[in-house]
Amino acid sequence: MGKIEDLVTINGEGYQLTTLDKAIGLARANSVWPLPFATSCCGIEFMATMGSMYDMSRFGMERMSFTPRQADLLIVAGTISKKLGPVLKQVYEQMAEPKWVLSVGACASSGGIFDTYSVLQGIDRIIPVDVYVPGCPPRPEQIIDGVMNIHKLVKKESLRRRYSEEYKHLLKEYKIEVTNENND
Amino acid sequence: MTNEDIYKRISDHFSSYIIASDETFGILNIEINPNKNTEILQWLKEDSILQFSFLTNIAGIHYPDSTEREIAVVYQLHSWRNNSRLRLKAYLSIDNPTIDSIVHLYNGANWMERETFDFFGVNFKNHPDLRRILNEDSMDYFPMRKEHPLEDATREDKDDRFFGRF
Amino acid sequence: MAGQLATIQGLTVDYYFILSTVLFSIGAIGLLTRKNMIVMLMCIELMLNSVNLLLVAFSSYFGTGDAQIFVFFIVVVAAAEATVGLSILIMAYRNNRNIEADLLNNLKG
Amino acid sequence: MQEKLKYKNQENLSKETIDGEIATINFGPTHPATHGIFQNILQIDGEKIISSEQTVGYIHRAFEKLAERRPYNQITPITDRLNYCSSPINNIGWEMTVEKLIGAEIPKRVQYMRVIIMELARIADHLICNSVVGVDAGALTSFFYPFSEREKIYELYEEVCGARLTTNIGRIGGFERDFNETFHTKLKSFLKTFPKAFEEFNSMLERNRIFMDRTKGAGPISAERALNYSITGPNLRATGVDYDVRVSEPYSSYEDFDFIIPVGVNGDTYDRFMVRQEEIRQSLRIINQAYNNLPEGSYKADLPEFLLPPKEEVYNQMEALIYHFKIVMGETELPVGEVYHAVEGGNGELGYYLISDGGRSPYRLQFRRPCFIYYQAYPEMIKGMTISDAVLTLSSLNVIAGELDA
Amino acid sequence: MTLELIAYILGGLTIGSALMVVLSNHPIRSVLYLVITFFFISGHFLLMNAQFLAIVNIIVYAGAIMVLFLFTLMLLNLNQSDEPNSKNYLSLSAIIGGGSLLLILIAALRDEFTFNEAIHENYSGLVENLGNTLFTKYLVPFEISSILFISAMVGAVLLAKRENQQID
Amino acid sequence: MDLAFIIEKFSLVLLVFLISLGVAAYSTFFERKLAGWIQDRIGPNRAGPFGLLQPIADGVKMFLKEDFIPKNSDKWLFIIGPGISMFTALITSTIIPWGPPVEVFGRQVTLQIADFNIGILFIFGVVSMGVYGIMIGGWSSNNKYSLFGAIRASSQMISYELAMGISLITIILMSGGLSLNDILDHQKGINWNIFYQPLCFLIFFICSLAETNRAPFDLPECESELIGGYHTEYTSMKLGLFLFSEYVAMFISSAIISILFFGGYHFPGETYFVGNTLAIISILVFFAKTFFFVFIFMWIRWTIPRFRFDQLMHLGWKTLIPLAIINMMITGIIIAIYEGWF
Amino acid sequence: MESLTNRKKVVSNKPMTFIEKLYLPAIFSGMFITLKHMFKKKKTIKYPEETRVFAPVYRGQHVLKRDEQGRENCTACGLCAVACPAEAITMVANERKKGEEHLYREEKYAETYEINMLRCIFCGLCEEACPKEAIFLTDRIVPTEFERGEFIYGKDILVESIEERIDISKRQNTGKRGVV
């Protein structure tokens, strides 16, 4: 398992968690609504994960938000080609904070066997990824493992992280505009 | 209906357009004059005996070593009535790979031709909408031609020495 | 059976009279100033409603139900008017791509 | 080169602006009903679709180019990812293509084993398609019941090859291992329990008037147009044409089995649904026949040049070690030639057009991908339909993005 | 006393929202303000013990007619408020005209009706009494109004129906 | 108008409000659990014991989600849309008689916030308002899918209101009053309307499914076609209000169904009880009936495929309305014969 | 179009009966089915707590085997790397020095042996390619990680420890299986 303590580097923050943060993190972790960006084989395994045998709903995750606005977790399952890259990035940008990304399967995470001219060699080239799930396609068990890791991240996250300089810097690295259209 | 019968009937009609023929694994291969493809295909579709009315496939092939015959366009036809298959080939030069479109005969040929264009750069004359289908529109080469590499240049976790291929 | 009746003690019918006249005038001004046909139709609805208000007030002050029956009929007519008006508008929009009153001049014979 | 790319950016969308209430909506690439990634730009008038234009290629992975750079035995995992709902059919189809090229003699037992695996895959494929039709029609529960059954098919795959979805099952010349005891018990129990569960799923939708009303007449296509579009498979059979590669060009001993070819009448969504449902029953029949008559013998052909020898032989026999190295390095001698082999995939005639120059990889390998071909007909099918019909038509066509874009 | 106060506040609100109907640029907002106005008018009806009419006003006007307006606006997708501003002198004259209309109305009617007495005890707004009057005294107009309704419906359908249903 | 009366009403309002919200919150949980059971799954079970804290977790998450208003949208309307939805869903609960009068601190407290003598009409008025929330929300999102959802919602709700209203005339004919109390008085013991008017019940039930946008009439938000329908662009608590109002509406319509057709808080054998015992049992009976219908609503959702839009309109206009009219006429004739008018 | 085969059967031309047109029978039977399922035993396997039994031949995380004496089997021949369609295996071979016989079975050994688990598609071809019974896939699943770099599994993870041997005897690809 990954070392949760090392997350500071990727998440770009090192706040002390308060009790409120912890309570809210716990609540958030139990209500992660996924947006399945399922393109190919891994999508079928993701469906199997939603199915009766594995039942993602146990984690409060069965409400799929096909609209990016309402989703908390972007599950990228399947090959992302270079043609699809901009679409994925747009979907990511449309999601409302706080948001997490789970990269399911070899293709999404690294390109897998498709080291070809048309396939993006890992979605982390265009959007920041929180958890990688290996396998081609991963078993539902692995997908659930990945989700559990996302839960760990969610629980650990401070409320202030999304406003921190480090986070903004992270987004800047990916050339993702912080489109704060909520000018209140 | 054997392949000899099919060949005989075709060559009776189009003897001047047939360049070569052979038979591999039970399927008759006929190389045709690339300028006459629509004519032959139309006749094959409408002929009451042969009834090659089903277009199975269109494929492109790149032979970089054979001059003036670099690009081959392969039509695979299927006659359900006789349960026989037929393969027509037309060789084109790489400098001007142009051949008539058969979309007016088979609607299904539309994307097959677009795919062949996308991969090999074959120009199908009179195609209603000839543009790239699978690759991005901004791509500036035809990736299935042999000279282009398969790999994505951005992959960094690979060292070719280990894979026994060069 | 009938719930407790609320009556307005110190209020005269004048109040409702003035109120409905003001509403009627607002509707009339809107009808004259606005160019959007839909808004104009809405202003007509507003004027009809102000009349309704007056009628109900009279009915209530005079203790007779007949005026309320009139209101009922006005509502019916307003509904009919709205449906027909809107369908005409849609027709006009289809032909003109616009629903401004000025542009409907070609309705003239 | 650049000149050629300047395609005429033709506005394919019709300009019949009847009265200007036409809106354009983007149906995809991330629309939930596309179940995969492809885009449809619909022009709609109210709820009615006037015209549509498709964009595909969002998960183009260059299978054909990849196949030119990989040895023959490494292409099997690539074919997994064509129609990933029924990978074993793709795997075995590819293996049979190579066997045709090298002229291998395949034992009857292997053929029957293949039939069992392929028909299981067909059941899995059709189940996923039909359950998704149910989901898109709004009956969410009808997705979960078939999926539990699919899990059992996954378990069966897993016993044979060790993976659930991308099976990489079988090798050129046979299987990597024999059916084991667990497989036999699991298959027996599957054959016993599946029909009941399947009929339960069936009864939730088949004669439900809401479902019938929605699917009847949705996205129809005539047999003539379907042929013109080169549609094959269940989608063609729904129009009333009984073309099936398993019957017209029997491979892998399909001629031994008795099964019927279900056909529809109008080629609409309901017909496609019903044809698939009946094909599941027929597949079950075939599996029963094949399993009950499974011949004794070896699980692989006698092809030392293509099948890896058992490990202990590699240690003990020089010849085996040489073959082992040759096979793994991809240096086996292969005949030169071109071969076309078609199997009845989940979605229709899945063809492999292989040109071999005797090298370690195919010179050219083209997949005849049924999805890619029949998806062209989609705009014609949904013209004049509503958005709801378009969604149902799409899911009943079972467009698999992997197969579509290759 | 409280009811009186409520009546005055309600009156002010009614006038305010009615003004907003005319003043707001955006047709959709006009619709919403009009809905609010209807609610206030229904409030007046309630105060005057015309419960049935109050509810009918809401159901018919706010619940049906205004939804129809909103629906039309959405269907025609007139979300951009591209209404050209009417010329200043026009609006000025309209306001003057409206103002004089108000004055004339008040002046003309004031002498006719000036009542200072309190309301009669009045049950006429209740459903039973209303129904009694409607189906005895006004039965014929009621039936005629239903005919009006049907003709309006048919007319609307005919008008809005597209002549050219063909797509090809 | 004394102070005690105001306090009484105020606390009643608060109580009803909280009960509606609480029931709605736990309906979301129960729906997910039920979906799980129907689909051979477990359903949410991680948040708290048996997953009971799931609604709270969802609520907290939605409160803290980034509040997002899309570009080019009408900001004011975008915000007010969910509010209207929630308001109209809640306001109907004011006229529901929750039980017979109870005695609290020596006062007879009527468990009804307001007794309109035109209760049913009030319900229709409010229900017809409910469409505004969805329409405004969908329109102001400036998204075509949302607009589609809004248009579908409005035409669907207007159409089904008609059948709903006509079907209810039979009930009014039978009870002779528009107030819900009149209707309830008519159904003492087990003299429930359902035994006299099964067809009317069926029509009303179908229409209330349509009015609350529940499956099989969930076209305004159907996921597979319109992504999210009218709430496609909504995030955070605004989305929460939309989703919540659906459940509140479902709860309230279940309550109304049980009042209109299943005798509300009446139950057979109620004559054996008096006073507060009767009241408490009655309230429990009423809630049991209501939850039964909530359960049916959910059960239907997880079983039946949804209609297509034109079929929905056909069903509404060509089947339900004629049926309702025929039912009304037959009832009228029977009542006339019964009363000896011929 | 006339029949191509004589096995055709039309399956979708059954007209709706009157009762079916009433919507209700199908709805009630459907609701009955769902009700029945409500009381059935749930199929869910509560994953992190309960695990499903994998097939013994499941293709999961790799292991580099040691022989009975605890020596590494791998001889760094590179066949697995060649056989890998994902090109995920890299290794550096080294000559076994004197005194290292207890560590490595063959004269050559892999000094570094890395599998990129994120590239790997778990096809099992490396296992088949290995002539030395060194690399096997096991029925363990590869855990998920937070960073991409952590998926490069070196020898420290891949080689089984001497104390905790990984049982692969059930895999039929081992040399010990009986050939049919």
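Each chain carries a letter (A, B, C, D, E, F and G) given by its place in the written order, and its residues are counted from 1.
In the analysis below, contacts are C-beta pairs under 8 Å (C-beta built on N, C-alpha and C of every residue); 3 or more make two chains touch, one makes a residue touch a chain.
All values reported here derive from a predicted model rather than from experimental measurement.
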From the centre of chain F, which other chain's Cα mean sits the farthest off?
B
Any idea whether D-F or D-G has more C-beta pairs in contact?
D-G
Hey, how far is the Cα centre of chain A from the one of chain G, in Å?
25
How many angstrom between the C-alpha centroids of chain G and chain C?
74
Using CA atom averages as chain centres, what separation in Å is found between chain E and chain G?
72
List the centre-to-centre spacing of chain F and chain G in whole Å, with centres computed as mean CA coordinates.
51
For chain B, residues contacting two or more additional chains
80, 134-136, 143, 150, 157-158, 164-165
Can you list the residues of chain C that touch 2 or more other chains?
2
Of all residues in chain D, the ones touching two or more other chains:
19, 21, 23, 31-32, 57, 60, 62, 65-66, 77-78, 141, 144-145, 148, 166, 204, 208, 210-211, 243, 248, 329, 405
Any idea which chain F residues touch chain E in the complex?
74, 77, 116-118, 121-122, 124-125, 127-129, 131-132, 135-136, 139, 142, 147, 150-151, 154-155, 158, 161, 178
Mind listing the chain F positions that touch chain A in their complex?
32, 35-36, 39-47, 51, 53-54, 56-62, 64-71, 223, 227-228, 231-236, 239
Can you list the residues on chain F that touch chain D in the complex?
35, 38-41, 144-145, 148, 215-216, 218, 222-227, 302-311
Interface residues, chain G side, partner chain A - complex
42-48, 51-52, 85-87, 116-123, 141-148, 150-151
Write out the stretch or stretches of chain A touching chain D in their complex.
37-41, 43-45, 47-48, 51-53, 64, 66, 68, 78-81, 83-84, 87, 91, 113-114, 116-119, 136-137, 139
